[in-house]
Amino acid sequence: MIRLTIGNENPGCELFIIGTRGMVKLLNFIAPLLLCTVLAGFAVAQDVILPSETNIIDSAMVAPDGSLPLGISNLIVRDNPNDDGNSIWLVWDKSPDDDLGKITSYIILRAESREGEYSRVGDVTSGTTEFFDNSAVDGVEYYYKIAAVNSLHDNGQLQWEMQAQSDPAGPVKSSAQWFDMRRFNVFIGVIFLCSAILYFISKAKTGKELFIRKIAGLDSVDEAVGRATEMGRKIFYVPGISDMDNVQTIAGVTILGRVAQLAAEYETWIEVPVCKSLVMVTAKEIVKEAYVKAGRPDAFNDNQVHYLTDDQFGYAAAIDGMIVREKPATIFYMGSFYAESLIMAETGNAAGAIQIAGTGQASQLPFFVAACDYTLIGEELFAASAYLSKEPKLLGSLKGQDMGKAAILIFIILGLILESFNIFQMSNWFSVR
Amino acid sequence: MEQQIGLWVGAFLTMGIISFLYKDNPWYKLTEAIFVGISAGYWFVALFWDNIVGKFWIGVFDRGDYYLLVGAVLGLLMLMRLAPKIGWISRWPLSFVVGAISGFYLLNYFSSNVMLQVQSTIMPLFSPQFNDPLFTSSAGNIISNLFIAGGTFTGLVYFFFSKEHKGAFGGAAKIGIWVIMITFGASFGYTVMSRMSLLIGRMYFIFGEWLNLIG
Amino acid sequence: MRREIPLLITGIVGVVFVIQYFIPHYPFNQLNNWFSDWFSIIAACAIWLGALNLLKVSANKIYRKREDWGFSIVIIVCFLIITIIGFAEGEGFRNIGTKFDWLYQYVYTPLSSTMFALLAFFVASASYRAFRARNFDATLLLVAAFLVMIGRVPVGDAIAMKLHLPLSIYPSEISSWIMNVFNTAGQRAIMIGIALGIVSTSLRVILGIERAHLGGD
Amino acid sequence: MLKQILVYALILALSLIGYFVITEPIILGPTASMVIIILIALVLLYILVRTIMGSFVGRRTVFTFVAIAVILPFFMTVDQPIKVSPEVQQLYDAVMALRPGSKVLVSFDYDPPSAPELQPMAESFFALCIERDLKIIIMGLWPQGPQQADLAMQTILREEAFAGKSWKYGTDYVNLGFQSGNEFVIQRMGGEIGSMFHNDFYGTPYDSLPLVRNIKNFSNIDFSFNLSAGYPGSVEWVQVAVDRYGLKMGAGNTAVQAPQMYPYLRAGQLTGLLGGLNGAAEFEKVTGRKAKGTRFMVSQSFSHVVVIAFIIIGNAAFFLGEKRRKKPEGETS
């Protein structure tokens, strides 16, 4: 599907071109698939509407007169659309007796032929009008009946039970789909956003200068590293407590690359205590590479990046101890943080360090804002590596993000106007299931 | 008896951590060392039994979930780091993880945080629901709606990177940062309570469970 | 080759995980589950690297008799005690009544709860220091925090009741209005921003433009 | 060094006295409580005056006051009014609207450190469910969650109000235990719950538990309640279970997490929210069962007042034109 050839000079660049080409090919591949799914959707939907009939099935003990409920009506069975198969979707109109309190539950019965033996596949409480039978086997034809039940329990003992069964509905087969039509809007949205980003990346490569506004927290990185050098003290870099399975950690360690290179150039000791082993492995590679780029590969010490503990507060306790004992001049917090954010940042503040923080955890931002000198708010964290590197390709992606924002703003204004004046309910375009 | 010793140990460690507030001291240093050792060991053991045995071993050998072998291979490649010569192989599992997470997060965040938040931002400003007659919402609700819509809008404007914050655009961005500041203040103020309750829990442990002084 | 193969792996795996979102069909519907299992196995293997690193760094400190080296001995001893007990207890190590559970209940829990509880003090000192009306931005931060804080405790409403204020400006009302209106708006803007940032970062990683995490050659 | 040893010895002595000598609980009457409150207020006023005169208090003074404000109310007799907020009412209404016999999934995604806030919620929620005859299915995405659930359930079942109920494990409630895998667990439960929980907390196979035997996935669950202290928690539940599988869900969150949930609440993705100890106390009020939440609320109010007092003191210091010490502090642009 995607042909990959890797150049020696600049593999990233190559990959990118192939990536764009691949995206176009992917579209070519998916478009017919979409069409097929739509057609298949129409073909598969088999609506069977049948009247219901009431009959007595079971009465264990003597039930009072008139306790036999009316049955349900309009039972519709069809393949659960947009799923991975093995699921049938049933909807019905509830029994008129439901609102009178004469129904205790509905029992769902299934058979493989219309007149065959029906067995119970599930039950739902009264008032329910929908059921997913997830025990179906793909390709097998099924028939369904629904029994409206009125029963009395006393002390867990069943006293009597009256059932009214509907007529069977079917046949129906379950199957798996290749495209989730409900997510088509997400598909369009993602394609738009990704193409905008890709377009501006490719435009940036042609060398056109892009304007990027000042981000105070990032402008101060130089100064903060410089200060540590002047004072002859360490720099601490804390990449958060999440593992590599979090994009914030990936963003955090990417920024570490730029900061470590700066520190290496200034000949200042940068220490990276980490909370997760995979992050340790990654951070080691990154710091080592940064020292190579700064032209001082020999200055790199393996102990600069060290593991403490996987535990959130154990990690915070250890970092607090390190801060008060070693008095670093500068502390960076970049990544995903939880409650430990303020424990570390307040200690750092009391120890007089310059602190620069950035996180995508919205709940922790207020604490960093209160205790740190500079804070990168949400999206700024993800823009940081581009901003610090000044690489046109990366800066281009920021411009692409802005296009996404612009589109969102336009949709919000349009949508607000259309919905406020009852013209069109645009918010439905954005619903996701 | 075991429980009584436990309470004393717990109290000793609790007070050791709190002593840090006064200043760094040997009691805290001891507590910190115990904490690091115990917690590192705790996760080391827990991951072994939960993931390696519980997930991998039982999954493959009891249930026959052979797809788990891929994880084991990636995990072993990761351990190649211990051999300096072929340590670079550990980049493979790492790039596998990074790739998968990037793909997964790309869509998860897009659908949940972009689509759904835009959906809920787009709402009728002057009526409770779409197709209700205009101006049926109370004045208070209309004002709230306008603030929410305006706040979200200007807040987003603040995040624009490639346009200088000048003129009307700059004005909107300025309002945006105000909204964000109010958000931070509110969220901070709301949180104070949570933090206090943690301390309440610990103090209850000391004075209630350990010293038994609370009626 | 040391960089190209990882780049390729990232790219292919990334694309597969993007399209799986749209495909309900097997095996794509299973990929998320599989990945979560794979990741937990990888993480469980990787923690050996971390643990060895911790022991190495601590041992190094003891060997070189660095400042506070005695506490490094405590780290190593505690680590070994809990690990040995944990492995000896077998699979039921978490069961109530085991030695591991005792360590968990009376050593680990008090430690982490108390460390967490320190936040009560730090929140107070941070608000004492940071919430000052230095400029307009800081004033907004201060006022919002102040109003919400008063509204979140019953005392605020009790005072308002004494003062016979109208119900609509009771501190709890103002507090929930700020939370519902401004907090919703601000959080929404931040959330959308973060999501766009994540999309862009992920895309750069998948395409191999951002590749710092792979290190050098 | 000597000073340090003396301090340690003093703490040890106090502990021994508290443990062995004072055996009766200390309870201060209303008058004594009032006197103490006035004394604290006077000291705070004194600090304010001193600050205005130009001498500032340090971090440690703030710390001391916070400690006093939290500890003293334990021994005092104070009553305070509680007002129920709409999001708490919404959760209560949603639970009350469920018919007896409905299945409620409760996920315990927290550990002991967050228990002061979330445990009272768990207890009140269980109490309400049992009262309403709702079947409870417990699980946890945090390893220690199911244990907390067990504790809460035991506490409730011991209460006099429920002594008459023969509330049985297996038919009325089950505890499925912990499962690792974060949001992926939720995702997979959307397909089949049994595939994630082969056995329950006590090792019984899923299929031999009468309550859950017929429960395949979220479509068989009538309501769910999530107690969450972070990740994985309510956000993941909303993103996966609510958004993708249409589960109806209410949440109890620590106060720090709660603000993040408001957008979801407004968007209708969440049905009701309990935020922090306050939410717990309000829920206790609306369900009419006063317990820990209400009691701890007094300490909460006290410490809040202290923090607010210090913010006022801090601003007094600022406005009196004292040059800032040290260095510029946290400003974001």
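Brief remarks on what is shown
Order as written gives the chain letters A, B, C and D; numbering starts at 1 within each chain.
In this text, a contact is a pair of C-beta atoms (placed from the backbone, for glycine too) under 8 Å apart; a residue touches a chain by one contact, two chains touch by 3 or more.
If you're wondering where the values come from, they're calculated on a predicted model, not measured in any experiment.
Chains that touch both chain A and chain C are the following: B, D. Among the chains present, the centre nearest to the common Cα mean is that of B.
Rounded to whole angstrom units, the spacing between the C-alpha centres of chain A and chain D is 26. Centre-to-centre separation between chain B and chain C, using Cα means, comes to 4 Å. Mean C-alpha position of chain C lies 18 Å from that of chain D. Mean C-alpha positions place chain A and chain B at a centre distance of 14 Å. Shown for chain B are the residues in touch with two or more other chains, namely 11, 17, 20-21, 29, 31-32, 35-36, 38-40, 42-44, 46-47, 50-51, 54-55, 78, 81, 91, 94, 97-98, 101-102, 105-108, 110-112, 114, 116-121, 149, 152, 156, 159, 177, 180-181, 184-188, 190-193, 195-196, 198-199, 201. Each of the following residues of chain A touches two or more other chains: 84, 183, 186, 190, 193, 244-245, 247, 250, 278, 281-282, 285, 308-311, 313-314, 317, 325, 339, 349, 362-363, 365, 367, 369-371, 377-380, 383, 398, 401, 405, 408, 432. Taken residue by residue, chain D touches two or more other chains at 59, 63, 66-67, 70, 113-114, 143, 180, 191, 243, 255-256, 259-260, 263, 266, 276, 278, 300, 303-304, 307, 329-333, whereas all remaining positions touch fewer.
By the touch criterion given at the top, residues 3-4, 7-8, 11-12, 15, 18-19, 21-26, 29, 39, 42-43, 46-51, 53-54, 57, 60, 67-68, 111-112, 115-116, 118-119, 122-123, 125-127, 129-131, 141, 187, 190-194, 196-216 of chain C touch chain A in their complex. Residues 2, 5-7, 9-11, 13-14, 17-18, 20-21, 29-56, 59, 67-68, 70-72, 74-76, 78-79, 81-82, 88, 91-114, 117-118, 120-121, 140, 144, 147-152, 154-156, 158-159, 176-193, 195-196, 198-199, 201-202, 205 of chain B are the ones that touch chain C when the two sit in their complex. Of all residues in chain C, those touching chain B in their complex are 2, 5-7, 9-18, 20-21, 30, 32, 34-35, 37-52, 54, 68, 71-72, 74-83, 86-87, 91, 93-94, 100, 102-124, 127, 131, 136-138, 140-149, 152-153, 168, 175, 177-196, 198-199, 201-203, 205-206, 213-215. Per the touch definition, chain A reaches chain C in the complex via residues 2, 4, 6, 11-13, 15-16, 19, 22, 26, 82-85, 176-180, 183, 186-187, 190, 193-194, 197-198, 201, 243-245, 247, 250-251, 253-254, 256-257, 276-278, 280-282, 284-286, 288-289, 292-293, 303, 306-314, 316-317, 325, 339, 342-343, 346-347, 349, 360, 362, 365, 367, 369-371, 377-383, 385, 393-394, 397-398, 400-401, 404-405, 408. Residues of chain D touching chain C in their complex: 59, 62-63, 65-67, 70, 80-83, 85-86, 111-114, 143, 180-182, 184-185, 187-188, 191, 255, 259-260, 262-263, 266, 276, 278, 297, 300-301, 303-308, 310-311, 313-315, 317-319, 329-333.
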